[in-house]
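Below, chain A partners chain B and then partners chain C, in two separate complexes.
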Partner chain A sequence: MASPRAPLPGLALAAAFLVLAALPLLLGASNYLLGLLISALILAGVALAWALLGNLGGMVSFGHAAFFGVGGYASALLAGKLGLPVLLTVPLGGLLAALASLAMLPALRLSGPYFALAILAYAQIFRILATEASSLTGGAAGLQRYPGLPTVFGLDLASRPGAYALLVALVALGCLAYAAIRRSALGLALRAIAESEDATRVVGVNSVLLKAWMLALSAFITGLFGALNAHIIGFLEPDYAFAGSWSVLPIIASVFGGYRTVLGPVGGAVVIYLFDQVVAKGLIAVGHQILLGLLLVAMVLAAPNGLLGLLERKGGARAGA
Partner chain B sequence: MLRRALVAAAVTLGLAAGCPARAQEARPGTEQQIREVVIGAHMPLTGSLARSGQAFDEGMRVAVRLFNETAQGLRIKLQVIDDESAPAKAVSAVEKLVSDGAVAVIGGYGSNIVGPASDAANKLATTYITAGAVSDELTARGLKTFFRINNNAGYQRGMAGLIAELKPASVSILASTKEAPALLAKGLARDIGAAGIKVTVHEFDPAISDFKPLINKVKLQDRSEILLMSAYENDYVGIIRAARVLKPPVKLVVGAWSLATPKMYTEFPDLMNNVVGTSFLPFPVAVKDEEGRRFAEAYRQAYGKDIEYLSTLSFVETTILAEAIAKAAEAGTLKSGGLPETLRATDRRTLLGPVKFDATGDNPLFSLAMGQHRSGQIVLVSPPAAATGPISYPALPW
Partner chain C sequence: MPEPMLETADLRAGYGHITVLWDLSLRFRAGALTAIVGPNGAGKTTLLRALTGLVPHRGTIRLDGQALSGKAWDLAERGLVMVPEGRMVFRDMSVEENLHLGAYPRRCRADLGRNLERVYGLFPRLKERRHQAAGSLSGGEAQMVALGRGLMADPRVLLIDEPSLGLAPVIVQEVFGVIRRLKEAGTTILLVEQNTRMALSVADDVHLLRGGRVRLSEAAAGLDLDRLHDLYFAREQAA
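Presenting the complex of A and B:
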């Protein structure tokens, strides 16, 4: 079993996120850069949820696009058709994504690649449902006219700075929740399940129930960020909301950053998104993805534990010198 | 360890935050700089829609070149960003283009991309024009900065007009569930049905590649006279290939965009003969006016091929935008938000027919002719006013 990390200093983490939130705003970052950071943070939120499921329960998911899409559609429909306030529909989008995860409970009997394939199939089912339920979802044409993020206490959340600050806060909350669960006795049991489910059952842990809770939590976080994305982008269609990239990119970000850590998926998402869109696209305007591919290969070869693992190794080596 | 990671992340963000500040400095801000005006564009230059994006890109570049050759005291510079067919990246592209000084943005391909991107442009009070999105939702938003030269209704008019001329007893529509084909199929079913013709619509998921079960329905259940396709290139090929095997008792195969093109005949000569699709030019290309001749010649010179549908769409939208920019610059309203109003006053004939924008930014005069593949040539067969020859009917590719 992987050794548990040292407990995260919650206050330091919160302070660090506050600095991250303020830095681009204080430096007068343009809408363009804030837009990139917003996209990166949405990816970071989903990556965090994916890594949580993998670390706490040992479930490798290729279907997080389902939760992302359900959260987005649920929030957009509740706000657009029922007129509920967006600040309420966003968490409701997360809750409905968690509810949708109940449909995946039969897949919890499976493990490894079988679970991954089953959840991938679920994601396709939700995409088809969104296409076919056209009277509700607008079908293939999608949804466009629904409210964006509101203004709260004078802060326009629909503006780039407002949306950025909101996303930093939510990613920070997600990290704190993940770290808290990880440190708890529950987290110990879940990490044990990830290593050997049979052995954990033998000592009396209800592994299916714990895995179900983690699946629901991961779905909730993913749905929450799906809902925020829907209100930030202002357009939803099945092919976009349930796109395979919402399943694959979080995996890449997590592996790149170090999926065994709490901050690895977040750092990975921010670094790969900014590297791809700012550095690689600046060097090769068309076909820049090749540079990202090379970076990923290099990272996996040089640091199988991800970016944070590499930084930790470097730090350890320097300390030992 | 954690502290170092956070510091590294903060430095990364901080460095990146500095970049756009430089970009903003380049924004034109004086009358002298207005001499060179930047038009931004975002297109899918990679990925599954790259072929369409490249064609749009080529048309835009030729339009800018021809405009610059004749413009007095004004030079247009084109800045294109690959939006990778991703809405968030298209929005970022618009924000970057505007922060780099673009006075207007030419939009990409697909309503899912154009919707959020044009919203972003509107928030930045920047004019946005497109020829790649036909959803009615786009114009229903009532954005003052949004314009498009083509729409669903134009394709619908062209195809429904042909069906009305042929007067079949029944029509089967095979429609992709993707947004634009689904909308078109819905409109066609309504229009054709209203003319007293029996219509059966079969929707299919864009992921399917074996169309034999659908063609069997047309053959055994519908027994329609005309097979109508509302889909994209790969679907057309799959449908006609399946029909060639099963031979339903139809008299004509008709499709929508990107079908009646020389490229489709070159790539699939055994599937395309006698097939009809939306078009505006016959092949070999025969343009009647001076603007069309200049475009065709410059395009051939630049890319070694004849003009085609998508490049012509982008040529027209870019030319119209460039002309409006020139007028607004001359009137001194370019920097004070006068471009949308100048563009709205457009009223001219183009290679695509007349272009005039309504209050929603749509071009209600957009309409396409129908072209039929005939042994490597494309003959315009409908409407009668645009026809370059009579239709072969009944006529099938097999």
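Presenting the complex of A and C:
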């Protein structure tokens, strides 16, 4: 299929990302640094899911915290109360988040800001549910007696290097799935929906059905990372698992990194998370997020296509010289 | 008279509380080019949009005797394919991606390569511009993309809405040349056109709509133009 984006730079970028990802392990990074990177990769997974929904289907979501929280709570409860293995409950957490997204189906006929507002309200429902259904979730006091990640084939996933490796693999898998969908006939139709839903009806695309699939897929990925996060952190409470920051930070990461690309949201998540935790927190202990806002504004002004767009432009200029 | 390929019975359609089409019962012959003419606001575009499921309707639409569901994606799957007014091409996508999207119905995906060659044969200029964004094309070229995209769906009935809109006369001639070739190749075509003279030059049958009702249904050959004009401008009422 003809695409204006050549595949080779994409492959080169993917290879560069994997080498970068392997570096902390090869150089024996401290547990502190690995912990930061693990959190950054959780954010990267959610940012990837958010950008997928925006690019393939044209839906801007302000409510991904709902899927993140549902995935986390579902996996923690299934493992903690029913004793199911964590390797099973994590994908089940994703599935339940996808199931939760079905409640959004009536909103799929809305477009643009109306969809964004509907999903914003929708996300609140789940935070309230998690708080009020206290016999199941522990309510506002939270949930903490549930197992962590297991050891698989001698690799202790609960250790920092183990969790890091697992997250790198899953983020890479998510990128591959996203890229594969985008290149398919389905992906072409989905990009067309993002451009003009009316015109896609003319060519016979069942746009509501395709959008529902993308919402469910995005919710699944978000729930999966929410579940992983729950088992890595070992503690859940409604105000944390459903925090608005799980909706907002993926947007900032995607826009910063380049939301139209596959790797942009991932790179953006790592950069903004490290910047926020290492640089901004060091400068201003309280209210450090304000620097994140300034960083985003600077990026949008300097390079509207984000970090990846900026790299491509510099790369293109060098190749042309 | 041979069994018509597409027919409507008591077709009523509109927008919200406003009814545009009043119980139309029309027949469209297989292999023929039927021109739908009439003044502004007659309901021509609404008729095509009802036939392709883009506006809801009451009454029945039958293709080869089978009633249709009215869902746009299902109608495209059955071969009712629209080339919409104002082209509606995907501006950010390349010419070729637009054409690929035309082949979205499952029925025609296997023939994508063959249909693409056919479209490029009809419109060599599109082949030259295959990687160019459709939004950067001229009006005539965009109309060719819209027509080509319709052909990619292997239409059983091709519904073309105002193909001459906003085009230079020489481009209109070119577009109608292609429409004539499609008709000669046996495609069943419904053509809505403001330019009645151009429409009659290629039509086999003519339906005249005014005020959402059929005023005349006849073969184009031997059509009394004075009568057509009288009906078009509602002169019989004035007289």
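FYI, the second predicted complex is superposed on the first by the 294 of 321 C-alpha atoms of A that agree within 3 Å, B and C clash if a C-alpha of one lies under 4 Å from a C-alpha of the other, contacts with A are read in each partner's own complex, and residues count from 1 in each chain.
Note that in this section contacts are C-beta pairs under 8 Å (C-beta built on N, C-alpha and C of every residue); 3 or more make two chains touch, one makes a residue touch a chain.
This structure is a prediction, so every number in the text was calculated from the model and none was measured.
Asker: Regarding the shared-chain residue A:Ser184, is it in contact with chain B (first), chain C (second), both, or neither?
Answerer: neither
Asker: After the superposition on A, what does A:Thr151 contact: first (chain B), second (chain C), both or neither?
Answerer: neither
Asker: If you tally the residues of chain A touched by each partner, is the higher count for chain B or for chain C?
Answerer: Touching more of chain A: B.
Asker: In the overlay, answer first, second, both or neither for which of chain B and chain C A:Val270 touches.
Answerer: A:Val270 contacts chain B only, not chain C.
Asker: Quick check on the superposed pair: does A:Ser196 touch chain B, chain C, both, or neither? Answer first, second, both or neither.
Answerer: Only chain C is touched by A:Ser196; chain B is not.
Asker: For chain A, what residues appear in both contact lists, the one with chain B and the one with chain C?
Answerer: Common interface on chain A, chain B vs chain C: nothing in common.
Asker: Once bound in the complex, which stretches of chain B touch chain A?
Answerer: Against chain A, the touching part of chain B is residues 1-6, 8-10, 12-14, 16-21, 23-24, 45-46, 81-82, 86-89, 91-92, 95-96, 98-99, 111-112, 115-116, 119, 124, 135, 137-138, 140-141, 176-179, 182-183, 205-206.
Asker: Can you tell me which positions in chain A touch chain B when the two form their complex?
Answerer: 8-9, 12-13, 16, 19-20, 23-24, 27-33, 35-37, 39, 42, 128, 131, 139-142, 144-145, 160, 229, 233-235, 237, 239-240, 245, 263, 267, 270-271, 274, 277-278, 281, 285-289, 307-308, 311-312, 315
Asker: Which residues of chain A touch chain C in their complex?
Answerer: 1-4, 185, 188-189, 191-192, 195-196, 198-206
Asker: Taking the complex as given, what residues does chain C use to touch chain A?
Answerer: Touching chain A from chain C are residues 52-54, 71-73, 75-77, 81-82, 84, 88-94, 96-97, 100-102, 104-105, 109, 130-131, 149, 153.
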